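One chain, chain A, links the two complexes that follow: it is found with chain B in the first and with chain C in the second.
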Partner chain A sequence: MTLPPFALVRPTTLDEALRELTEDSVPYCGGTELLLAMRAGLHRPDALVDLKRIPELTGVRAGDGMLVIGAAERHADLATHPLILERLPVFARMEKHIGNARVRNQGSIGGNLCFAEPKSDVATLLMALEASVTLVSPGGRRTVTVEELIVGPYYAEKEPDEILVDVRIPLRDGLRGAYVKFQTMERPTVGVAVLADDAAGWYRLGVGAVGEVPLAWSFGSLAEIDPDDIASRVDPTPDLAGSEEYKRHVTAVYVRRALAKLEQVSS
Partner chain B sequence: MGENVVGQSVRRPDLVEKVTGAAEYCVDVTMPGMAHAKVVRSDRAHARITGIDVAEALAAPGVVAVVTAADIASLHARFGHIITDHWILAPDKVRYYGEPVAVVVAETVAAAADAVELVRVSYEDLPAVMDAEAALADGAPLVHEQAYEATGDESFKNLSHVDEGDGAQQVPSNVAHEVTIGWGEVDAAFADSAVVVENTVHFPMLYAYAMEPYNAVASYAEGALSVVSTAQHPYMVRDDLARVFDLPLSRVRVTSPYLGGGYGSKSYTKVEPLASVASWVTGRPVKLTLTVEEAIYTTRVDSAKIWVKSGFAADGTILAREFDVVMDSGAYADNSPLVMAKTVNRCFGPYRVPNLRVRGLSVYTNTSPASSYRGFGAPQGALAGETNLDRAAEQLGISGADIRRRNLVRKGEEILPGKRGIDADIPADLEMVVESLERDRKDVPYYGIGFGCTASDAGAYPISTAQVRIQIDGSVLVLSGSTEMGQGSRSLLAQVAAEELGVDLAVVKVVQSDTSVTPYERTTGASRTSTLVGLALQRACADARSRMRDMAAELFECAPGEVRDRPGAVAAPDGRELDFGSVVRQWFGGSAGEVTGVGLLRRDGATQKMPPFWEVGMVGVAVEIDPETGVVAVDQLVTVADVGFAINPRAVEGQDLGAATQGLGMALHEELVYDGPQLANANVVDYRVPRTTDLPRKIDLMIAERRDGVGPYGAKGAGEGTLNPIGGAVAAAVARAVGRWPDRLPLTPERVWRLMNRD
Partner chain C sequence: MTESVSESVATSGPPRVPVTVGVNGVSVSRQVEPRSVLVDFLREDLGLTGTKVSCELQVCGVCTVLVDGRPVSACTFLTADADGADVTTVEGLSDGQTLHPLQESFVDHFALQCGFCTPGFLMMSKALLDGDEVPDREAIVEHLEGNICRCTGYEPIVEAVEHVAEKLRGGPHG
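== the complex of A and B ==
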């Protein structure tokens, strides 16, 4: 389909952007999802409010035990960002393998979360990392966890007048992490994140793309993670990439592969 | 052998403009005063149209007209080059989801798209037949209640070489076309066989994905029609359009700029009638550009279910083969009858088959219409024939190479009685493939090698014409009605002309595919351009040279027979030389004029026997399987291009790698899936085509040059052959890797995992 006509608004401050938002005037960042939805006739806003020129939504910084990533940051830049490579290499590697070159060079981390595409790598790893996001509306500012934000397929729990400003990831010294995904089509069939902070006895596993929303669990040790048990906890969506039975099977395979990969990662 | 320009991998003239995006494709073409069309399509598989309300759409801003079947009832509103069953706009009922019901013409694409939503079509649902089995069942609802007149396309008979069913169906049914071939005493031979092997394969429903979707811009004015479109065969489209509007052929002009890929999907008529009738109704030029989704609903590839049975002597010699082919051809016949006719010719392979029986049914269903696809029935047929042979080898306890060595025909032997004998050394090609595969065989678990051979009656019907026009500066225009769709025909034809005339390649310019300017060319398909246009062009060059000699004789004041040919020039008996430009200038006087050479090719002499040449498909693959996920990685791809002589070796390699990669797509990834009346994956995100990262680890593209073709310098065509045996080769490799035989493509990870884990 052809893109229907729309107005493009390009605010340069967060306040200005917030004033522009209405039901029919929606945030627009990389457009990788939004424009497709508009072309498919699923969505027909009157105006797009471009968030890319708002300074508050850009940049990557570390402070207060947090890595803070601006919502408009693009996958390709995050994959090579020195601070992320140094402090959270597992995140940089995940970003490097998202979608395709066009999606990585255009799509933003904030857009990824707000669209809540079930086959996301970003949400899976962020959920395992116990990350949260900052949402700002004309009424104020709030912080919610990624787990609270991503409540359903294509459904992020946020108000239409809220803008996702940044993503906050708690930093842990000596964190080891691995993210592996099984992908045969355009998007992952299953993605598995496994994280270990041995000193703190903190272990997390995230599984995404296979069901409607990513899931993440905490464990007391890596040995507690039973791949077959995890496979029984997910609720796979059957589609052209595989049946429910097959997806459950490859979930167990990839949990095993994630654990094997983690073993090779030194802190 | 003394050639200078042919045989070289010269750089194609369209390379830079295509890479930089400067090249003009049809989608870039505009006409002054042009309006834009969007198509209202059926949202159900099979339904009677009870009303079309266009009032609201007509009232929408920017809308010029809404065209329905009623508006074009005075035209011959159907097309189809074999069976004219294809309604331009559904008149009384729709036969598949996505079928055009109306065309909205508006000032902008957006206005047209919006107004499409406002056209209210009311339907009364009819029971649908969504696959061939349902369509053939007793009492199945009919897709077409009526029979249609044949177009009288003479050459279809010659091309198909089969006993056609008696055509006029007595009882209406969903059989669009039926063909049988055979010889010998099949049943007796089966009774005498030491081993009989029987199996059934399923060939997937595919889309021949080309980057540029169908599009056309048409202008009907003052009793003439001019269309620029993505037509692979502009002359064939011209003929269909002339019939629709009852115009003399000279008043219909079809032009095809560069095509963004075709692979068969752009052969024959597609969107040209829609754009043309929209222009006829509105009196404005009209542009229609389809989306990929609409393109998939315009033409897909025939899916097939093929049962095959072969009988062998104890040493592996084939005694008899039998095939039963059922193809799901969708709602309209398009080119499926020819695809079917080719399948029955190509399924049993280049082997000595003393007793043969093949039956083929092309079946109407309420799905997107199927038509040509690279390989024309050979990919479907070979999947059955070749996997059957490999299964037999396993049962006979001999290798896949040995069973083929025992049965492959030698050069000159006929595989179709009365047709041209095989013009290739296929056993030698097989050894090249096997040697390369075995050399790099990996000793790891879940590893398998497979290979396959096909021979296709290629070249299509040999009617070809070409012209060369020699200019006063000695530069040369080559005119051909063939189409450049990525295959590199412009450099090939330029090379032939430069060689024949002895001029620099840089002064030769090839002009193609304009029915009012370039001379007649039947089709650009069946791997024919290098061979058949090449021959016509050689003749055109000879004709131009002969005229040059006659003119030079006047200038030299000698007898024409005394004038000698020189590179780009002629020489008098006394040694005086005149280059072409000087001959033209001096003969006409006044530094103007040109000389035209004409080359005509028909079924005559070297091209009397059909087919003009055999296109050999010879490939091998090695696969490595991840036993936990079923993912198949292709470790080796080995191909042999048995082209007689490679006019441009790099172009041949490009064709082979492209065809093989497309074949790997069908073998491992591609399949259109119907979910109810509608496709579940009519887009290129969910319809998974091969990617760069899927490319095999080792790629060995070999060329066998034995100068055994009828074409220029002994050349034969390339382009389809390498795709044809890939499916069977991959299936065999997977079977050898996991110890079980698959019965269908594509071999997706889940299918392979299930094959391995089945009880």
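== the complex of A and C ==
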């Protein structure tokens, strides 16, 4: 089916891109969400502002205890990025299994977050990692946590004149992490992230895909994580992937599996 | 080889975008509508109908082509984004005389029934086998999990790809 007509704007600087954005001229990167929404008639922007040529939105670097990932970086590149493999391998392992190989070659990390797809693997793990994002508008820049950004299904708390420039993940020496998911269709039924920084006594659990937004909690020890308790804390959305009762059940199962997997990984 | 065709400019609508794309080794220059997606460009503008279209949701994989060696869903890939890139379609696998080893293997293993999904499976498999590591069966299954065969002939498809991988492992690249 043909897409509705739109103009294509391809700025090469962030300032230029910011000047182009309006309610009807929207950011465009990989298109894995936006073009589908446009084809379905859910969006009909006058113009797409392609962000792929803006240097500030590319690259991966580490500094000041943070891993900083440019918003336009594609999942396939993040899955194999040497710095991510070295400093945050759990993130690379999660990226390696998003969607399918084509989606990973087209979709960007920033686009994934901006669309706030309720079944996003990325958002679940980033929330557990206490990651934040940088949003830039003509008025300035602000940093918000992924938890603050993703407020509802397909709803990110971002103004139309803002561009998500990068994702910032705090780095922890000796961090161990596991991300497991149950998936029979193109999107997961449940995704569970568990992270442990034993030296700091910092433990996090994130559960996504079952409900409208991912949820994450802190714990004082791994022993405090009770899979049945977690299953009662989530708010599942009944859909083709299963009923509320079923989703609570698989949540408990996958919390157990995530904890078991964590015992097998050293990073 | 270079081919350049100046097309009549659209009378209305957003400005067209100039693109130069290497398609199976042939450089093609066109003015396309911003909304042109790669699969329509290949099939309708260039007449390369080997690439099929089905779900238009990036789920089924029949429209898979390689852009600079990487598999993408041509149904959801703007032609404008292929500007300056090399695109390989199923037509680019064979020189017209000799089948590509994957095509040979698909024939030998009866890895197709109706054949509609075959171009997508071939291109996905080519991307995998062109990678740095020769994949094992598990890697093949995982890589192809985003492609749907409505005739459900998955076993022979995986066997066909595995066969080529084994030959690569045993050969000079192994």
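Criterion: the second predicted complex is superposed on the first by the 265 of 267 C-alpha atoms of A that agree within 3 Å, B and C clash if a C-alpha of one lies under 4 Å from a C-alpha of the other, contacts with A are read in each partner's own complex, and residues count from 1 in each chain.
As a convention for this text, a contact is a pair of C-beta atoms (placed from the backbone, for glycine too) under 8 Å apart; a residue touches a chain by one contact, two chains touch by 3 or more.
Not measured: the values here are computed from a predicted model.
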First, second, both or neither for A:223, with chain B first and chain C second: neither
Which of chain B and chain C A:246 touches, first, second, both or neither: first
First, second, both or neither for A:76, with chain B first and chain C second: second
More chain A residues in contact [chain B versus chain C]: C
Chain B versus chain C as contact partner of A:4, first or second or both or neither: both
Chain B versus chain C as contact partner of A:105, first or second or both or neither: second
Touching partner for A:31 - first (chain B), second (chain C), both, neither: second
Partner chain in contact with A:184 - chain B first, chain C second, else both or neither: first
Where chain A meets both chain C and chain B, residue numbers: 1-5, 186
Contacting residues of chain B [partner chain A, same complex]: 109-110, 113-114, 291, 628-629, 631, 669, 673, 680-681, 685-686, 688, 748-750, 753-754
List of chain C residues in touch with chain A within their complex: 13-15, 17, 33-35, 37, 40, 56-59, 61, 64, 67, 70-73, 76-78, 80-81, 124, 127, 143, 145-147
Interfacial residue positions of chain A with respect to chain C in the complex: 1-8, 31-32, 35-36, 39, 47-48, 50, 52, 76, 99-103, 105-106, 186
In the complex with chain B, residue positions of chain A that touch it: 1-5, 182, 184-186, 240, 242-243, 246, 249-250, 253
